[in-house]
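Given below, in the form of structure tokens, are the structures.
Shared between the two complexes below is chain A, which has chain B as its partner in the first and chain C in the second.
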Partner chain A sequence: MNGAPDAAKPSLSGRVARHAVSLLLTLLLGGFFGALLLRFGPGFDVDERDLDMRYSAQSREAIHRERAGDRNIFSFYVRYIERAAQGDFGVSRSLAVPVSELIATRAGVTTRLIGLGLAFGWTLGLGFAVASVRWRKPAVIVFSETFCGVALSLPAAVVALLVFLTAGPVSLVIGIAIFPRVFRFARDLFEKALDRPQVLAASARGVAERWIFLRYVVRPAWAPLIALAGVSVSIAFGAAIPVEVICDLPGLGQLAWKAALARDLPVLVSLTLIVTAITLAANAVADVALEAART
Partner chain B sequence: MRWLPCLLACQALFAQGELRFNLRHEPKTLNPILAAEDASQAIAYLTGGVLIRVNRLTQELQPELAESWKVAPDNRSIVIHIRKGVRFSDGTPFTAEDVAWTLQTATDPKLHSPAGESFSAKGSPARGQVLGPDAVSIVFAAPVASLERLFDQLPILSSKSPLKEKAALGPFMVASYQPGIEVVLRRNPNYWKKDASGKQLPYLDAVRLPIQQNREIEFARFSRGEIHLINQLEPELFDRLKKANPEAAFDAGPSTDVDFLWFNQVAGASIPDYKKDWFRSRNFRNAISRAINREDLCRVVFRGRGRPAVGPFSPANKFWFNAKLTPSRFDPTAALKLLQQDGFSRKGDVLFDKQGHAVEFSVITNAGNRIRERMAVLIQQDLQAIGVKLNIVTLDFPSLIERITKTFQYESCLLGLTNVDLDPNEMMNIWMSSSEDHGWNPSQKTPATPWEAEIDNLMRAQSAAGERLKRKALFDRVQEILRQEEPYIYLAHRNSLSAVSPSLRGVHPAALFPQTYWDIEHLSLK
Partner chain C sequence: MIWIRRFAVAFLGLVFALGLAADWVAPAPYARQFRAEPNAPPSREFPLGLDGLGRDRFSRLLQGTRISLLLAPAAALIAISVALLIGGSAGFLGGWWDHAAMRVTDLFLSLPWLFLFLTARAMLPLNVAPSASIVITFAMMGLLGWASSARVIRSAVPELLSSEFALYARACGCAEPRIWRRHLLPHLRVLLTAQFWILIPVFILGEASLGLLGLGVAEPLPSWGNLIRELESVPALAEYWVLAPVLLLAAVMICFQLVKTGRGVQTF
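And then the complex of A and B:
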């Protein structure tokens, strides 16, 4: 009876292939809709040089003619994808620097920021979840709940401002954005696991509490936590934009903000594709890992 | 040998070192002839060698790479004799050919060089003709008044150097650029200038320019001694610095910047006709102008470090400012009388026009500019006192540009202007009614009003007149008309405020760009 549904399930390689196709399609559509939004947003077809009184009318016309290719968003996107497939992401409209160069010089800053932030947020979230479930002391529970509530209600931009004013470590902001999600999710998982009969049986057998916690609570929770890890990467990316802007960090988030203000189509489309790819890849890895853990 | 320690001590006295100050934006180009915005212009100023320089303190012309020059009586050409024995940073000799080549490159229509744009007359670019290894003639298609001042904005490039535009004639050369992080300039080993004692200039070894947009961070870095200069300091930060470190705070008096408000008078704009009638009325514009308390704007927004504006030029522009004019005096009663002449009447707290429409309009300004946002709020309060409701709309810059230059979907706009060049010729595009830059009503086929026609004629006449005082008289009349008609309601000139580290010597802040480091070659660090 149990054999039939298992046989209908795709293999691991099949799931990987499905994720790859889904990632590619989402990527292409995400990039296109990003470009479309920018194209039809206000201020797309202007240039700051329009206000420079040194330019003659003929020069301004010539400047606008040079950018006429970007007005038809379909042909722009097709050309962009063709070039991107060969590793050429175009040249920034506002900075006149190849987009790949801009991304290469800034990726390190964002990677460090997000990496440290994720490490901090996860350590804090898991630490508080373990403390509040394992010891179940009112003081620990109240403190962790209050801290979690405050962290959840504070926008990343406000925390960034506080960190900047106190000259604190900037990755703290990302950590604070990640922490409440990890804490609540992990705590709920641990609490459910503690209610399982195996825990009661192990306790009756006189197994040490530490071992019960590790074996019956933490071990079954790691698979759903991997799924959350995928989501937390996209949360961290989202928080990186205001953080880098407010704290003046030359990362991809700040580049995205400046590109949005300058209506820089090649940069914005490239960043949309990169962030979408990373987010989808993180989710896909988490998904595949989750499935693998279950089977 | 006894002199060796003394020489070393003297060298230490002119402490070499690295000057550090922030660029507030990413430079859009490192090619000096393409520099258009502040960051690129700062790098161009530090690396580019020019033939003739406008001294930022005296505002007089001074020879640089040009040893001498002579302008033809018809103001259509200039012969320049260049300095001999000068070399670019890579050792390539500087010749008259480089001047002709630079001009040809800068005026290439494909490049859109703002410096090159100024070298056009009647739509044709100026042409350079080499007269010999050390002499070059530059010919314009039509007379250009004060044409020698144009060379202040044209850094000379090498026609022969393999480094192309990276070969510098200025005191520094670009050593490295990390997008989003910093630009580093190193001393040009072949810089041609020496000080009075024969010492090679510049004194500094390098200039490091971190790219940092956030002004609070910039100020914190200055306070920690990480950077040595801040130009165009906000009044609030200036006051903080003045309290904490008075010897580091410099107020060079009124800058050449001006903030102003204007009404949309474009015939085809999508605003109600009755509002267009208001905006086209001189009485209405004068009344709004009189209802705005400029003294308050200067006191509150600029913390007393600004002065009411009367026209496009501030007293910082020593020659062209019309000192006979006085700013519109704050007088709400007089404002209401002017409005009554146009049939406006006040019922309770609301002003109505003769057709019974309540007087209400919006003002757009650029979001994130704290000074303009505060100005808009104060103007809103002032106008409320005469029954006018002002709605403030802040937009990001591309949206704002689109509205004022393309769609004309706005009622009034609050913006500022930075006068880079002191000569009114640079403003031809603003005042000519046929121009796209004629803000309140651009691209007119024929002047919409007699006074705009008069301004057109006066601007053409001053541009063709060779004699400087005659030009001044003609432009004074333009300023008078602008004061009477108020198509732009000029509000205030902010002071040129800067922060200079006490460890930096030789700084004489000026009102003109680049305020603190205009004399970079003579600056040194303790």
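And then the complex of A and C:
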């Protein structure tokens, strides 16, 4: 169908550069939308210090001047990007602490939570997918389907609440959010691979079942699974918010929630940019790995 | 397994019907307080007991079912309309508009949806009338949840535009709006219906998550989200009857999955 010669395809470095440019553009766009949303949200011009009678008229005037620069969305965003490039994300209005400091102290908690959750969810999802396709025992299939169905049916916030009430490990919640996606995707891939003629031919040649499974089922499925890995980071980040809020973990998710309730502009815009960057970077790495695996 | 799907459809129909008839079926108004006995355990009069403010949990669950189940399809309808507008126009016009629309779609897809809802909800007034909070919650989900459907529609439109029946219609002198109305939209209907069914449970879960975080439907109006939030103030799980909203949510979501699987809809 596609008659383009191989020489016309971009090299790996070209593809990496294309992904990097795309990531940067989407990031700038994301930051701009975040700033736009926050700038025109109600309460933007309200400062509780206006109501504090301890401030003199001159002080209130200075506060108004300080905020006046933020009223123009473009100038606000340009100034923000300039400062962010130097590592200065501004000062949190609700907590009166530099945003970069807040993010630095909380990033570790979220990274650990998401890392453990991803490892758990992938292990569980791949394990169940292999077990249900490899052995095809009705008990395994029914159990994994039921578990998968229940995991898909409950929002991470509810699972977090149940885990919290039963004093279970919190990373379990992220794992449960990831597991059904990995399980269904991997199982479908494995089942499709099992129907390929190579599998039948290998069986007819008397190749051991375990080897057939590794060589003709698991190996071709790696590339699409890498693509799923990028998406699962985004799912894990989304699930981390209710987990951190409900289980009182001082991570980035809890910070986002607190900032949202306090309408803390610098914190929310910074977090929007960081979350966008992480998920886009994960997707870009997965895409590049997928293209590399295919070539 | 067809009987399981039939059971799922029947169960969903029953829950929808109970939600619609909540005003008649519920033993008490959702906000009425029985102040003499707050936190009362289940009894014949109150099948799920009373909450901390002395309100009948069963009545609130029925009213919450109506809000959560009836407004999620409305939000899905908004999302599908936006997706059709953005995805359809991107596929039809192509060029720079296609690139720009898909870049925005990528952005919406790359952000964790709960983060997006949280940020957008926080930008809207928090201290609003309960009825306004319903509109805000579901309209916001509808307006922000279009991205995945837009991508699907975007990839389907060019294929349909280059299909034989569209070429034939064009060769016969059909104008583009007529081709859209008479040929493309009927073919897209199956796709749009599938996306609609995919989005309903997503929005039900979205409302539950927002409600649990205190950013969904405002009290005293009940919804599944703020009913589940009551679990936060329960000592361990000794009062197991407060799990009723969680169990109902899980049952409804499982039924949606069974129905979707029966219709051949892929969720991932």
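Here is the rule we go by: the second predicted complex is superposed on the first by the 271 of 295 C-alpha atoms of A that agree within 3 Å, B and C clash if a C-alpha of one lies under 4 Å from a C-alpha of the other, contacts with A are read in each partner's own complex, and residues count from 1 in each chain.
Please note the rule applied: a contact is a pair of C-beta atoms (placed from the backbone, for glycine too) under 8 Å apart; a residue touches a chain by one contact, two chains touch by 3 or more.
For clarity, every value in this text was computed on a predicted model and none was experimentally measured.
In the superposition on chain A, contact of A:272 is made with chain C only, not with chain B.
In the superposition on chain A, contact of A:246 is made with both chain B and chain C.
By the touch criterion defined above, A:58 reaches chain B but does not reach chain C. In the superposition on chain A, the chain among chain B and chain C reaching more residues of chain A is C. Of the two partner chains placed by the overlay, neither chain B nor chain C lies in contact with A:143. When the two structures are aligned on the shared chain, A:261 is found in touch with chain B and with chain C. By the touch criterion stated above, A:237 is placed in contact with chain C alone, chain B being left untouched. Shared interface residues of chain A (contacting chain B in one complex, chain C in the other): 42-43, 246, 261, 263.
Contacts from chain A toward chain C in the complex involve residues 22, 25-26, 29-30, 33-34, 37-38, 40-43, 149-150, 152-158, 161-162, 165-166, 181, 184-185, 234-235, 237-239, 241-242, 245-246, 256-257, 259-261, 263, 268, 271-272, 275-276, 279-280, 283. Of all residues in chain A, only 42-60, 62-63, 94-97, 101-102, 105-106, 164, 167, 246-248, 250, 254-255, 258, 261-263 touch chain B in the complex they form. Within the complex, the chain C residues that touch chain A are 103-104, 106-107, 110-115, 118-126, 201, 205-206, 208-209, 212-215, 228, 231-232, 234, 236-237, 246, 249-254, 257, 267-268. The touching residues of chain B, when paired with chain A in their complex, are 26, 28-29, 36-37, 109-110, 112, 114, 117-118, 120, 123, 178-181, 211-214, 216-217, 220, 395-402, 405-406, 426-427, 429-430, 435-437.
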